[in-house]
Amino acid sequence: MSDQTLLKVTDLQRHFPFREVQGLKMVRATVRAVDGISFTVKQGQTLGLVGESGCGKSTTSRLVTRLDEPTAGSIEFEGRDITHLKEHQLRGIRRDVQMIFQDPYSSLNPRHTVGSILTTPLKVHGLHKGKEKQRVQELLELVGLNPEHINRYPSEFSGGQRQRIGIARALAVEPKLIIADEPVSALDVSIQAQVMNLLAKLRDELDLAFIFVAHDLGVVRHFCDQVAVMYLGKIVEYGDKKKIYEAPEHPYTQALLSAAPDINVARGIAPKERIRLVGDVPSPIDPPSGCRFRTRCWKAQDVCAQQEPPLVAAEADISTRGRREGGLHLQACHFPEVKTDLVAEVEHSA
Amino acid sequence: MLIYILRRLALALSVVLATMVSAFLLFFAAPSDPALALCPESKCPPERLAQISASLGLDRPLRQQFFEYFSGLFVGRDFTYAGDTVHCSAPCLGFSFLTRQSVNDELFSRFPNTVVLAIMAAIVFVTVGVVTGIAAAVRRGTAADRLIVGASQVLGAIPYYVLALLVALYPVILWHVLPQFSPMSEGFGRFLLGLLAPALILGLVTSASYTRYTRNSMLETLSMDYVRTARSKGIPERTVLFQHGFRAAMSPILTILGLDIAYLLTGTLITEQIFGVDGIGRRTIQAFRSQDLPVIMGSVLMTAVIIVVMNLIVDIGYSLVDPRVRLS
Amino acid sequence: GAPTANNGGAGGTNGGDKPVEQAGAALDPNAKGPAPEIPGAKRGGILTVPYNSTPANFDPSDQFYQDTAVIFSLTHRALTTFTLRDGKMVLVPDLATDLGKASPDGLTWTFTLKDGIKYEDGTPVKAADVVFAAKRSFDPDLAANGPTYQREFFKGGAGYQGPYKGDKNWKGVEAPDDKTVVFHLEKRFETLPYFVSFNQFTPIPEAKDKKADYQLHPLATGPYMFDKYTPGTELTLKRNPNWDKNTDPARNDYPDGYHFKFGQDVIKTQTAILASNGDDATSLNWDAIDSSLIPQIEGEKKAQFEEGPSSCVIMVNMDATKIPLPVRKAIAVAYPFDSIHKAAGETSHSYSPTSTIIPPQIAGYQKYEAEAAPGFKMNGQGDGNAAKAKEMLAAAGYGPDKPFELVYYYTNDDDIAQKVNQVRKQKLEAAGFKVQDIGVPNKERRAIIGKPKGKYNMLQSPRGWCFDWPSADSIIPPTIGSGALSQGGTTFGNFSDAKIDAEIKRILNLSITEQGPEWGKMDKWLTENYLLAIPDYNDKGNSVFGTKVKNVHNNPNKGMPEITKIWLDQ
Amino acid sequence: MPEPSATALSEASDEKPSTTLQHQEKRTGRSPGQVAWDRLKKDKVAIICASIIVFFILVAILAPLLTALQSADPTTGLKADATRTNTDIVDINGLPMQGTSAAHWMGVEPRLGRDLFARWAYGARPSLVIGFVAAAASTMIGVTLGLLAGYLGGVVDRVISWVIDFFLSLPILILIIAIVPIVQKGFAGTGDLTNEETSDIRFWTLIVVLFIFGWMGLARLVRGEVKSLREREFVQAARAIGVPTRQILFREILPNLVGPIIVSASIAVPAYIVYEATLSYLGVGLVEPTASWGRTISDAQSLFSIYPLWLWPPVIGLSLLVLALSLLGDSIRDAFDPSSRR
Amino acid sequence: MSTSTNTVSTRTAGANTAGEVVLDVSDLSVAFPTEEGLVQAVSNLSYQARLGRTLAIVGESGSGKSVSSMAVLGLHNPKRTRITGSIKLDGLELVGAPASTFQKIRSTKAAMVFQDPQSSLHPFHKIGKQIAEAYQAHNKVSKQIAHKRAVEMLDLVGIPNPQRRANQYPHEFSGGMRQRAMIALGLVNNPKLLIADEPTTALDVTVQAQILDLVNDLQKEFGSAVILITHDLAVVAETADDILVMYAGRGVEKGSAKEVLAQPSMPYTYGLLQSLPSHSEDLDELKAIPGAPPSLLNLPSGCSFHPRCQFKDQVPGDACFTQLPEWRPTPGLSNREIRCHLADPVATLQLDEGAR
């Protein structure tokens, strides 16, 4: 794992303007899907992006892959600003940055065979000329599929197998960074594990950098080095995995962690104390002033409504277990407070 | 809502305008000579023809005619005729070449006939189509379903004008089962009765496609989760079908209805011709025979307006049926 | 046959100073009202008349068409009119006391109005009203569709624009007093008494003139008046209380009213009328009988059908400047009349083959059958003789290697014309002609075949002629004289010949009585010596009527029923 | 569990989706199109309809042969063909003097005496050609415009949508009546044409006019589908890979529209056939001497009571063909139905 | 097979009873004849639901969870479904019952909350009306009273400002509120049995927690039986009393929820639990069950799970391949039943776990 910064995202914004009719008036409004986020991904590193539905995770992924153009901010890939490149200028980037999609059903063209799905990227980028078929078979093997299935249609595969095809497609161009937008959310637990294992294996073997989007904290914890927690288009807490899981400081991160049901309850561990949030996520069209989380926050005070808390270094740079550890840990709350034990420790012996 | 309607109206207006311009160019610029149509073949020396042309205003440059026609539409225009100047106020469609009557009057006076015919036909095809469509959907896969679908297919496959002609001839003329058309001036009841036969046949034939639309739409909504929810509430099946199923199945039918207005008007054209209903369609065909351009233009405009307005109404109705439509 | 104007009749004319007097002839200057009663006729009922075409308007100044003329014969009276007597049309005085008096030079005609004639509103009819109407018939807008004889014959008529745009005090027609109408002519117009039976000479009171809108309710002088008129749709007539039958020698008034419906589908209408259910039993239709109904009207429904001649003669026109006479004769021998009639959907009830240019209703008609070749009579019958035609062509120097090419235009946007062309072409080719049939839309064809310098060498305009009154001066001069050609129009043969023109001029200067036989002779002479157009057929008119409609007879001047004599058996 | 009308509940949503998924593990190499094809082959109605259509196509192709099967006409000693007139065998009023015979299986045409069987067999040609060619042309236009509007969005979409709206608001029939002569004139140039040339020109004119006015529905449909397909992840994936736009449109998106396109084309074909007949009825359809069912029907309707032999064969032919085509269309729709497939 | 099922279940029930049995499903099979063959969605399923207790039905997608519970409410099209066995709801036999019976018991005795609240609420009707309608269908009351009841219910499920919300359409609700409304709809007639079919799958974690708490609270208040269908084992661990694990249309393990999750005794349950990336475990690799679920058109012979089972070698002979395992109590565990041929599943699985 070298220390080379692969991707640097600074103050990224994506607003979707739209018109809405309110009574007799036509109002212009914007969905602030992503509203100023910054993060970096180093080579071989995995960044997890978590947050509730609609907080802007997919939008971020689409911006980073440049399937969408940011409203503001910048994206640098290997030091090159790719924020506003035109489609034809993006060719190189298209090779280096790939995406794995959430839905294994809709992300494969039902009209193409596996073979043609996998040769398309090779052809587009002129890779392995003349030996495309061989390369496709390699790829299939790499993701654990039978190379003989090259002439099958996606409909003839199960969800897990399809997701593998999607992964193979992303790998075909030999990218440096893969953005995986909820790659396992649509899969069943038993299959999910298969795919996660595959991703981990590939990451390690090919030294890939990942941005891993998910809402399942367990999966993220399993897979990522760093985690960014998003809420309504903003990053509220960002840091090394350990810090986030073991010493979360932002109330939202804490709520998220505590809300996840825990199977360990069944193993005799007392159910953790759950932080109950009231109300629903506000609309990104009209986000609350100041701190966006304040409407659901139990710690909210006047200042939260007036000032937007900046993303700053976490106060207590200590881990739950009392050992001091360095590493990245940023949070954005006016009243940060370390809360440990939100995640139960598992007893390894049965 | 208001803004939406205004915007839609503006769009509709642009469509109607474009229709008018293209129709004008089509008809007036086309190599046709309405004067010839008015001049009997055996007695038509050239100077007579020129006189008729001049009297119709067709001797002036096309650009001038175009300008006059369109200014007539928006601000009205003056006609000089037999030494008199007559003002024709906006929207002025001009005067019929043939009857010398105001096209506005000619068409508006016939408008009710066409509209009543269309509405009666619509009542027929909507009720027949919807009822049979629902019946078929509910009995999907049974013999009854196949019968309904089959019958509607067969009905739709026979050339309409042949069917209409048979109806016009046998039940109406020869057997006297159904009354003939009589104008509104001879009593509204008789008028309605007279439209029964044409409306029935037009409605029945049109209903064929509505049967299928309804069936498909119904099948689709019946497979929706919310219908399952409705059923799980233990409410009577009838309520499930109509309040939950059909209510939602209606919007696609409504959309198609909007799109179909143009075809319905085509249908009235042929129907009016065959049943001798004195409506816009028949007048238009007449106008074609005599190259009566102002009347043809007028009826193009009128039909375009009807279609556009109906689509607007359908759109608004759509939003009434479906609360999700935010009209934006 | 094309639609045509009013009028007709038979017989001679007057000339000079004295009133026309011709016992037993088709002129009856002394006819007096009331018209004789029809034995057994009953009063009452409404006659419904649904028919196919749609009258453009009911402005008296603009009338030239048969159907409106029939309707006007119920509502409007002109200076003279025709009445049906024993199957013949007789010209009788109507508003005038006689058939007019001409000055010795024939250039001034005087008509005197009867006393006691009123409009439907009770106001009396004045001579000035007739003069105003006559002037009005010059208006280029209001009278665009009307006849044009007045422009040609009336003094100063050529450029006159009518009373609105033109000189109000134009002197072509004058009313020196309330009862007298005086016509000043440019040249002799011996058949003026016929012409003044046109609706252009029905009085219009200037004070009540509404110009373009006058047609919505033209003031009636006849036994009926407009009740309700919806342009393009229908017209109902009711009795005119101010009509005095004692002044009217021509009209009876049996039904209580009439109901005309325009633009009706022919088959449906005729089928319904033959079935005679309800109102259909008191209905009448004058469209050509649909061929699907022929079995009925030839069989059980015979009594509900009436047919007779109309005013039109149809000819096969050839360009004599391009086709030499021997070839014209060969065409006459080859021409497939029967096939063409069948293809055109003509039936024995819609035409009768003819061998003359002048139809039999016309004064001086002389029956003859000219021969195109020995033994080959040109009588519009048969299906052509290909073999004989080939022989004749060969004799004229044409053969398979050097065929004579016939070039003509036909309407390609009309189904019947196309079918006719198919058989015509097949048969003419069989007779050894080379045929170049050029299909164009009707409108274009009419423009092309109306110009004498066309690419065609046959079938140019006119296709035939419908007379405006029953004298051949309304047939031969306009179709054969070089006048039309010099004005840029076409004629039979497109042929200008000094001999022919001289003969026409000679006959026109004769009195009405003398003209008839001379026209008859000229007809035969033309066909035998020139063969500019091959006589084909006379159009027939017919009526189909319900079982309660009585006394329907064909008006041979119009090929329409004589509507003023019909009564209903309620 | 008798719940008589609890039908359809499970139909579209959960009828077969995952079963096929699992089931197909065993059958390899079947694309969705092939699945539909297999289903069609099992559908009896579809087979019957297809046979009927094939029958008419054969009749159309083999018209000269079939016509020649009739024996020679005794009066002329010639075998009938579709255009030869024979006025000798109709009476003075144009009615045939004979009924069906070995020489004229369907009798002869009133007035012209042409052989009705020949006209019937040849008459299938324009119906089929117009139906298929106009449908193909309008499908092409509709698909292209729909693809562009749906995929490119923005101004292109707004312009195309407006044009679609515009065309949909036109009183089509009136315009067709007006346009046919004009287009014909454009084709015809100077206008010195023979019967046959005119009739050919009119034939192509009709096709052009029909498809000019017939592409909007499909364009709208395709536009909608493309709009939703565009958001589908496989299109995003193609973009992410760097596949050029044109290739995305035609290689990624278009194949997914095959179902709706085939269905809409299968509806368009009978619709055009009927439209052609209707236009003939209104006098702006095909012209003499082309034998066409629409023309024959419009000619024959006046005499149908006394000479039904003229009217009914083309009416039955047309109805049967249209019926078969639209039933087949339904079957194709079912076969492609996404609710019974995944 | 069916007889043993019954006795076993009764025994289990007897041991576990905390309330009266409301729903007794025994030997239920549901099959759908389709073009491609017979889809055996549910086979020989038996379970019971008791008042005051929550039964979780787990299993992966397509294992027949929804199909079996929809059969309870008679929501399958009778013409396209073959249902055999017995479903006794509050003593009433439902298999083969007429439509009118179902109409009566729906919502009053058994109600269902569906997975996707977005598509399960009618988009064109106001929320209040949809709830009131269910109340009115079973109580002879006026519209106003029914509406009041609907508002009450919305209040009960914690929707703020219920008066106003009752007059809104579903699309104006957020996902969590919609699911609450669905629950309100389910409870409006105080049913004895509430079937919640994946009530939180479509929701966010924080909202999911809210909803699950709500269901628990309501159950305590109403004392009804709840069947919770899910494939999220963590949810089960936190909310359910009893559990039924399904695989390929069959029940494979049942018992007390906590015990089963703590100590699974059937290889499939075990595999499922193993494949979870438990929050605190930092293992490099997850223990996935290899292979994919079988086709319901063509179930594997013997035990449906055998193609994916890593322990099939430990069963002597070819029992796993040829013989369908019957329900049997797990040796060494009380209150537990499994369908497995393993002689001593507990030991076998423990051995495996220890080996890792």
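We just call them A, B, C, D and E in the order they show up, numbering each chain from 1.
Basically, contacts are C-beta pairs under 8 Å (C-beta built on N, C-alpha and C of every residue); 3 or more make two chains touch, one makes a residue touch a chain.
The model shown is predicted, which means the values in this text are computed figures rather than measured ones.
> Quick check: more C-beta contact pairs at A-D or at B-C?
Pair with more contacting C-beta pairs, A-D versus B-C: B-C.
> Which chain's mean C-alpha position is the greatest distance from subunit A's?
Looking at centroid distances, C is the chain farthest away.
> Taking the mean of the C-alpha atoms as each chain's centre, how many Å separate subunit C from subunit D?
Roughly 49 Å, centre to centre.
> Distance between subunit A and subunit B based on Cα centroids, please, to the nearest Å.
Here subunit A and subunit B have centroids separated by 56 Å.
> Let me have the rounded angstrom distance from the C-alpha centre of subunit A over to the C-alpha centre of subunit E, please.
About 31 Å separates the centre of subunit A from that of subunit E.
> From the mean C-alpha coordinate of subunit C to that of subunit E, what's the distance rounded to whole Å?
So the centre of subunit C lies 94 Å away from the centre of subunit E.
> For subunit A, what residues touch not just one other chain but two or more?
Residues 158 of subunit A each touch two or more of the other chains.
> Two or more other chains touching the same residue: where does that happen in subunit B?
Where subunit B meets two or more other chains at a single residue, that happens at 31-32, 141, 169, 224-225, 228, 231, 237.
> Two-or-more-chain contact residues of subunit D, please, as numbers and ranges.
Answer for subunit D, listing residues that touch two or more other chains: 3-4, 6-11, 20, 22, 25, 181, 185, 305.
> Applying the document's contact rule, which stretches of subunit E touch subunit B when the two form their complex?
70, 73, 75, 79, 99, 102-108, 111-112, 114, 116, 119-125, 133-134, 137-138, 169, 171, 182, 185, 189
> Using the touch definition up top, name the residues of subunit A that touch subunit D in the complex.
Spelled out, the residues of subunit A in touch with subunit D are 62, 65, 67, 87, 90-91, 94-95, 97-99, 101-103, 105-113, 120-121, 124-125, 149, 151-153, 155-156, 158, 166, 169, 173.
> Considering the complex alone, what residue numbers of subunit E touch subunit A?
It is residues 60-61, 174-177, 204-210, 212-213, 231-239, 257-263, 271-290, 292-293, 350, 353-354 of subunit E that touch subunit A.
> Please give the residue numbers of subunit C that touch subunit D in the complex, ascending.
267, 290-292, 294-295, 336, 338-339, 341-349, 383, 412-413, 415, 418-419, 421-423, 425-426, 436-441, 444, 455
> Looking at the complex, which residues from subunit D come into contact with subunit A?
Counting only subunit D, the residues touching subunit A are 20-22, 24-25, 27-33, 232-234, 236-245, 251-252, 255-256, 258, 342.
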